[in-house]
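Below are structures written as structure tokens.
In the two complexes below, chain A is the common chain; its partner is chain B in one and chain C in the other.
Here is the complex of A and B:
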């Protein structure tokens, strides 16, 4: 796999995983296995850590195309949830990401016994974290935090974070402007993905062209492309 | 560095200190006694034109305090009588470059305060009849400014203001994330021309006001972060022209902290170094803008306090 841009084995694995998610989003191929294509399985410690970084977006192609995820991808995500539980004093964004991985697994994983998967039991429940801090945050840090939580920006996955986002579309749109101006393409892509998911952004933002611009400028990072492609798929679905 | 003060007091102090510096350094608004033909003698009129437009607003607003109003008036008096030789230098400039709109632009705010130069007015009226005058190729925002200044002088704008506005960047309300420095100044000056430099905030068209209310916070944040005080100050003027000014606390705080103890405001980052004249030429503009932003923000804050339920006049 291409690790020429990676500064560490973990960064390389994150790069590879994100690249495979992008390819699967592009092809819409329901047989695609993200982790397999990236050369990652449950026994690959670095790969599992990378899966924790990508989070529930590991299953994003299945989520957006409404298809069953590949059992190998489910197994890796499940392993990542078990291996990297948030510490009690973990940042709220970490707790939210963990919660979202679990709830995505519960929504997407095939019912037990339908296939010969790795036989994992449910990773259990994890109480939905608090989001009051988000409602109070200034628009700058609000956008930054939301962008970190961009995997939660998917259809039919209600959460307190999503409700907070929907209530502050103008703030997110300002944050998108700020991120583009600062050339923080990853943050801009995450903010743009949220706007595509929730709608309600001011028309003068020019979100569609903005996402194209972010991809053009920052698309060398597959995590940027991942968010931009997710945003486009959601915007197309909302337009239908 | 100023510190300790916040809110209205801080905004007031920025203006008082800036105006004090401008008055103290009023000789800096000098014209060359014998400019070389290549230099373009009208170049040195630009600072005076800005002083006149902004000084007039500060003088008229009054809310900045009677002391500041009086200081602004003394500055304008000095500029007209000492630097412009009661308008004779404007006439001289017009004779040298007959088709230049600069003398008109500098003259109008003085004229509105009662200073007159009848021979200059004859030249302006003749110019106004020339097809060449209306055909002058200038940037859209400058054309809007010329139309506004013609109206203020009392002649029909060569290009109607609505037509001139339509060609500006701001009127098209483009993608806000494309704004960089030059576009920033195009935005602020479009607002200045539409509102007669903040005298008539209600003249801002509704669609433009809504657009600015949406995106100005992002631009203020950006230019505060970049420490570009000159443009930040102009954006704070724009804020004060909106139907509901935010008086952005973080932007004002950063702006106030950038101001020097003597009242000078750097263009960007820290104060430049050099001899007195070259430093003046670099910082007079942001310092003038600081006085301007303060006067308008004070005016809007106090009028909103006294009439919270009514639309700004």
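Here is the complex of A and C:
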């Protein structure tokens, strides 16, 4: 990452980490270590904070390709969960992304044939945060918040957020169009990822072409590419 | 990867902002980008529909 183009060390580390996730998604290489490639280990606090921002998407290549994650990536995600828990007054989206990191660790880092938690440090039972606020949110802020929570848009990971998204697919489609018109490529990519995960968008939306456009215009941000690539992989899986 | 010295407070402030970004200000498409969409969209009717009216200033 060229430091002169990053607004902060954390932004640079997030950029590097997202870039490596995109590369792993493109290659489908289950042996790839995302964090190692980005130069992040458990002792690097800025890197751990970046892992907190990327969240469970750190393991997205393993989730979407159905492979076991690299132990180094699991260790970094686990450290991020412990190092940066949500504060008591944290917004709901922060609590949800933290919850999803734990949920993903418990689901993905579980050795075959076991039923409990891994013991790698992921906390045990952790109840879902409240999601009632999503049901009442206007479609514009609903789409914005869902886009922030785009890492939760993955297959076989049920949550109240995912149920809220499925119940408001048309609102998400409206939000996707609004984000494109506003040139908010990251929000558009996140909303498109949700639509690819849950389905149910109006056929007139043209989601596939819309995602092409979002990547064309916003692909300089690897987080945009990450969401678009995730959306395509999920759409392909749904079509099979 | 960055190796610059950064205080814990700096990181936590940046992290809070990164985890809860506000919406960016809308910047609407110009006609060249609309042309891109026309080429790409095929049957995508919604993306090509007229832009939402912007609020008037003053």
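Definition applied: the second predicted complex is superposed on the first by the 227 of 240 C-alpha atoms of A that agree within 3 Å, B and C clash if a C-alpha of one lies under 4 Å from a C-alpha of the other, contacts with A are read in each partner's own complex, and residues count from 1 in each chain.
By definition in this document, a contact is a pair of C-beta atoms (placed from the backbone, for glycine too) under 8 Å apart; a residue touches a chain by one contact, two chains touch by 3 or more.
The structure presented is a predicted model; accordingly, all values stated were derived computationally and were not measured.
Colleague: What is the contact status of A:38 with respect to chain B (first) and chain C (second): first, second, both, or neither?
Modeller: second
Colleague: Touching A:82, do we find chain B (first), chain C (second), both, or neither?
Modeller: A:82 sits against neither chain B nor chain C.
Colleague: Examine A:206 and indicate which partner it touches, taking first as chain B and second as chain C; both and neither are also allowed.
Modeller: Both partners.
Colleague: For A:183, decide between first (touching chain B), second (touching chain C), both and neither.
Modeller: Only chain C is touched by A:183; chain B is not.
Colleague: Touch test for A:170: chain B only (first), chain C only (second), both, or neither?
Modeller: first
Colleague: Regarding the shared-chain residue A:26, is it in contact with chain B (first), chain C (second), both, or neither?
Modeller: Neither: A:26 stays clear of chain B and chain C.
Colleague: Tell me which partner A:220 touches in the superposition: chain B (first), chain C (second), both or neither.
Modeller: A:220 contacts neither chain B nor chain C.
Colleague: Does the superposition put A:11 against chain B (first), chain C (second), both, or neither?
Modeller: After superposition on chain A, A:11 lies in contact with chain C alone.
Colleague: Determine, for the superposed model, which of the two partners chain B and chain C contacts more residues of chain A.
Modeller: Counting contacted residues of chain A, the larger count belongs to C.
Colleague: Is A:139 contacted by the first partner chain B, the second partner chain C, both or neither?
Modeller: first
Colleague: Please identify the positions on chain A that touch both chain B and chain C, taking each partner from its own complex.
Modeller: Correct list for chain A: 173, 177-178, 180-182, 202, 204-206, 209-210, 213.
Colleague: For the complex, which residues does chain C have touching chain A?
Modeller: Chain C reaches chain A through residues 1-2, 4, 6, 8, 10-12, 14-16, 18-21, 23-24, 26-29, 33, 36-37, 40-47, 51-52.
Colleague: Which bits of chain B are touching chain A when the two form their complex?
Modeller: Those in contact with chain A are residues 173-177, 179, 211, 214-215, 217-219, 221-222, 225.
Colleague: Using the touch rule from the top, collect the residues of chain A that touch chain B in their complex.
Modeller: Counting only chain A, the residues touching chain B are 139-140, 170, 173-178, 180-182, 202, 204-206, 209-210, 213.
Colleague: In the complex, go through chain A and note every residue touching chain C.
Modeller: Touch residues, chain A against chain C: 1, 3, 8-14, 16, 38-40, 44-47, 49, 52-53, 84, 91, 93-94, 97, 144, 148, 173, 177-178, 180-184, 187, 202, 204-206, 209-210, 212-213, 216-217.
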